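Below you'll find the structures, each written out as structure tokens.
Same chain, two partners: chain A is paired with chain B first, then with chain C.
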Partner chain A sequence: MAFKGRKVSGRSLALLGLGIAALLVLVWGGDALSWARDNRVVLVQALVTGLLLGGVYSLVSMGLTLIFGVLDILNFAHGAFMALAMYASFVLVANAGFDPYLSLLVSVPLLFVLGVLVQRVLLARVMDQPHENQLLLTFGLALLIENALLMVFTATPRTVEFPYAQTGIPLGFATVRGPLDVFGAVADLPRVIAFLGSLVIAGGLFYLLRRTSLGTAIRAVAENPDGAAMVGIDVRRMHMIAFGLGTACVAAAGTLVLPFLSLQPTTGEQFNVIAFVVVVLGGLGNVVGALVGGILIGLVQELGGAFVPGVDKLFFVFVVFVLTLLLRPQGLFGGKP
Partner chain B sequence: MGALRRFDRDLLVLAAGVLVLIPVPLFLSGFLLEVAIQTLLFGLLGVAWNLMGGFAGQFSFGHAAFFGIGAYATAVAVTDYGLSPWVGMLLGAALAAAFGVLVGFLSFRYGLKGVFFALATFAFAEMLRLISRSLEAVNAARGYNIPIRSGNPWLTLQFPQGSPNYYYVILALLALSLLAVILLMRSRAGTFILSIRENEDAAAALGVNPMRYKLLAVALSAALTAVGGAFYVQYFFFIDPELAFGASVSIQILLPAIVGGIGTTWGPVVGSLIITVLGQGSTALVRTPPPFLEALQGVSGLDVAIYGALIVLVVLFLPRGVFGTLRERLGAA
Partner chain C sequence: MRTRVQATLLMVAAALVVVACGGGGGASQGGSETIKIGSLHPLTGPLAVDGKRMDQAVKMAIEDINKAGGIEALDGAKLEFISGDTKGEPETASSEAQRMIDEGAVALVGPYTSATAATIARTAERSQVPFIIDVATADSILAQGYRYTFRIQPGSQTMGEYGARYLKEISEAQGSPVESVAYIHESSEFGTSVFEAFQKEAQRLGIEVVREITYDALNVSDLTSELTQAKAADADVIVATGYYRDGLLLAQAAANVKPDVKAVYGVANGAFDLDTFPEDAGDNGNYYLSSNYHYDATSDRARKLRQRFEERTGESMRTAAVFSYQAVEVIADALERAGSSEPQELRDAIAETSLQTELFPFDGPIEFDDRGQNVNAQPIVMQVQDGEVVQVYPEKYAQEEPIFPATPWSEGR
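Now for the complex of A and B:
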């Protein structure tokens, strides 16, 4: 059931919308509408920022939901893998003068292999154990990775310069100079690139899952491992590849956000938490749900922050999370039972 | 009736254990006494978590919510209202139990199970963390420093540094918590709680109200966790949103039960001993390493990395926890 596209249930969307609206009305009363009229620019800016960031959330979450869909493991090390990929890119940029976007060619394969190894050496041994043991294993792994990074790179925040800030991006027919103007809002070039890059990679993952024989085998394992084994699919191998692919997704997302985010060993944690929310919102194991959910959560975070300043933006994300869990735990699009 | 005898034996073990542990401060001091106190504290938290996550089978990933409520209730009562921390502890326990019942009711009402229930508890704890960080009424992100108070130290729960009295207080709290859990589990209600864990539909068909007994386990678990939070504040004299409601607090609370043996009476205490000794040991190793490991001096991250590796090893090699595996090997039911 995991990767079938489902129709969005109108009732669930309506419920979610009502919940958010009720909350906003409670917090803000009737002033909200006039405020929105007066602050059109703030609102459009929040929409643009939320959309761009949401694309990155989508990519991170697609990796997480793929791992859950195929292996039934809730991966707490997802964010730590992201940080690892970011440091790999950072080293290449700072020490070898790589273009940060070119470092994708290193960080993504590197983390794919690491994911395959982690699945083969560690997680394969606990596949038949209760959920909490798998969860703890990935959590221990996250502590190990993050603190190994802390030992090597210390907690000093690292930054990578966006290489095309001065020159603009030559596209052949024109040179794109940032930041872009979207209905009066500012869209920074690195964020636009991260958004577009995430969508392209998400499209690639989608193509792989839907149109190749490898993808069909992975989906078969997600659907019914015993049946898949019976028709000759190597289930263990598919587990390794699925975990590797999930890790590769989060690695790509990490490298793509590097030019506009400061990097610390714990940078991935927040993405990990948000990916949990997105994955539940979209339906556990549902890749399309993760794509849409990521963008929704990006918008919720930025719009909530614009409407109610002074409260941590993540708070609104958790409000949506709790509402989803209570009203529609199978997610907006349905997922694994 | 094997279960009844098992819990009666547990009462004897408890009494003997307390008698053995009373003279311990005569032999330990300084750093080692601190380790002993923290072992008892996380033993208490593990016992509390185990009631809900082990005996009742409701895996919580957000016990920091209850811990933080106990800690904040005590900090507010002592700092803002000049009350005794014991009052704060009771208030915190009541508040945490109420919050637990609310979270539990909402979750069970909508049939959340397993991973979904764990994520729901996690989400509620994170929301409390974000609220306490933005709320100026509880000092926002700055948290609370507990002021030094004069008066009877047993009423203000403030003893000089290195005093063995903290040890006796937490030993008594742990013993009372264990007593409460053992008595609950040997009662009729305890049997119902276990039967719901094993097969909720069958229990309901026999007339047991699953919601009532699950909520009972959640409420007691939350209250005991809050007691631990209250002691934490009085022992460390400081609390802030991260230390109270952070995700790593939830992990620290569930680890003793997992490492020791989930759903066993003594597993959380055994687990706490192992975790605390190893955790504090690796911290001490980094602070003052022996000569041949001098390069490790002050390397931040090493102690937590060791801790992480330890979790991985326990899951790989002792999937039922230390106590659970031992009990299985020795064949005692």
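Now for the complex of A and C:
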């Protein structure tokens, strides 16, 4: 069901585009075009913001979809794991003077191990049980983590400073100072770094899944657990690793956004909601779908907000969500339902 | 067996003697009685930061009153603190309120959010138990015509109107009058109702709101697009209403987009006048103006109270907690005047309140109109100057002159 190479369905993309275009025409008719001419900067800014944010959405969603693809579990604790990683990084930065980006070296392995343990100790016990039990277990785990964070760190918002705010980023030949100018729009440096970091990590995940024997084994388990077991793959082990990898992805995303978001125990929740939309849009269990879907959702959110000021940006995200469920429930990259 | 009966009889007799001796008017309300006050705040969840402090402030006020001799009119009856966690959820708030009333609470204090205030007010009304709102801004709560709900802080209407008025006055006094604003606000009832009141008053004063931009405070993670829209609106000032987390995002985005405005000006903004804002926002927060309800930093009494609170809890006493403390004093004052802890009589006494307060920059005592709103409640204007939040307007409460125009992000303006 997942990770098989699939082409983007032209029909589904066309439908999606058509839906959005129809919506725009319905609401403004020809006004939209002249409005866009007058508000070039607003539009470009929406594109830039949407793209940058979309990259982070992708990384969060990839972890979620990987877990679903391999273990067939919708992990409601995904956002809570993100918050946990953010607090881990926060402690390193605030108490040990780490560079926030260097703290990736701790938060990502830490959450990988935690993911493996959670799968081994908790989820492994309910793998054969009905879906509800797994959902409730991960949901309970989310509440547990969030409230534990609340107990330890209180709800006081924490912030971590962007380390290169004053000095700029030395690149050898030049020093990059933020914010960058993109055709009149601005791109904040920490957001650009989060976007690029997300792409790099996504690339690493693809490499691992496609080019290594471990990745092949994971994909085999996702495709057909019984068959994989028959040829000698340790299915339980692959489940553990997949869950660990999914959690590591969201940990990386959390640490990457830390320099520009303030942190509270519930910070992960907002990403959790978006990630579910992205995963459905991209096709459940499809990692490529999550990457494209994340960026698409980021763009939809920001462009929608720019075209229709006064409406919440997430309105358009959920319009796309509902359209996807109606027109192509298997998602853009999913096969036949 | 026999001795136990005797002992019991003796104790009853002793109790009767004590009550009889202490009793002035109502023997049943003698010195051994305690009067339960219910504190309802979000102690868990994303709002727990202030919720916990507010709860502690209620407890502190009760202890202060008890230490000073309790309620004199009731023979020194002591107040008893009972506490509930609303979790910021309307349903939980309502059931917790009911639990406290069942346990014998004669008055409730809370709750920090407008949504929970609405359900507690309904419960209090049904049970005919007075409810003092310490913090909850939406005017719709009091618009129901409830008889048992009272509010000390200014409502959204007052906040919006004063916000517009202050902006006009400050800008004119500084020789740089504002003619147009772009308004960014969070999209729930709080932000919307403040915006509408501001817009109406601004229009009357000749200030045009050229663009309204909204966002969802719970889900927003970047306000750059919104700030770009505000910049494109080409207004004199950007006005903002929202909570803490989004306030920080706004300061970040403004620092990047650098809109060519005279100031960023918060109205009922939950970020710009908190002590942590200059810390968290860094230089980006410099010169931000904020028209909001606030404790009076020029008052000696407020200073001492906040100092004691900090020594006691290790946390700074923010405005919300000062309101919670004040709410208990309003109840104690009414208990004294009513000479009774019976909820209905207490309610009537609260309605008649005229209590001088030195904790807030109000131009008059706390007095409630027939809707339960404190008629003398008003906001003041604060500004971030040199990394500190200081009061700048009206002059009577000012610690420093307002700096205007105030473009926060440019070096040295």
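Simple rule for what comes next: the second predicted complex is superposed on the first by the 330 of 337 C-alpha atoms of A that agree within 3 Å, B and C clash if a C-alpha of one lies under 4 Å from a C-alpha of the other, contacts with A are read in each partner's own complex, and residues count from 1 in each chain.
What we mean here is this: a contact is a pair of C-beta atoms (placed from the backbone, for glycine too) under 8 Å apart; a residue touches a chain by one contact, two chains touch by 3 or more.
The model shown is predicted, which means the values in this text are computed figures rather than measured ones.
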item	value
Joint occupancy of chain A by chain B and chain C, clash or fit	clash
Touched partner set for A:Q45, first chain B, second chain C, both or neither	second
Contacts of A:V257 with chain B and chain C, given as first, second, both or neither	second
Partner chain in contact with A:P157 - chain B first, chain C second, else both or neither	second
First (chain B), second (chain C), both or neither touched by A:V273	both
Partner chain in contact with A:L314 - chain B first, chain C second, else both or neither	both
Which of chain B and chain C A:G140 touches, first, second, both or neither	first
Which superposed partner A:L284 touches (first chain B, second chain C, both, neither)	first
Residues on chain A lying within both footprints (that of chain B and that of chain C)	147, 150, 154-155, 265, 273, 310-312, 314
List of chain C residues in touch with chain A within their complex	44-49, 52, 187, 211-216, 218-222, 224-226, 228-229, 231-232, 244-245, 248-249, 252, 256-257, 276, 280, 282
Chain A to chain B touching residues, read off their complex	74, 122, 125-126, 129, 131-137, 139-151, 154-155, 265, 273, 276-277, 280, 284, 310-312, 314-315, 318-319, 321-322, 325-327, 329
Residues of chain B defined as touching chain A within the complex	53, 59, 61, 106-107, 110-112, 114-116, 118-120, 122-124, 126-127, 130-131, 133-134, 247, 251, 255, 258, 262, 299-302, 304-305, 307-312, 315-316, 319
Residues of chain A that touch chain C when the two form their complex	39, 41-42, 45-46, 48-50, 52-53, 147, 150, 154-157, 159, 161, 165, 178-179, 185-186, 188, 191, 257, 260-262, 264-266, 270-271, 273-274, 302, 305-306, 309-314
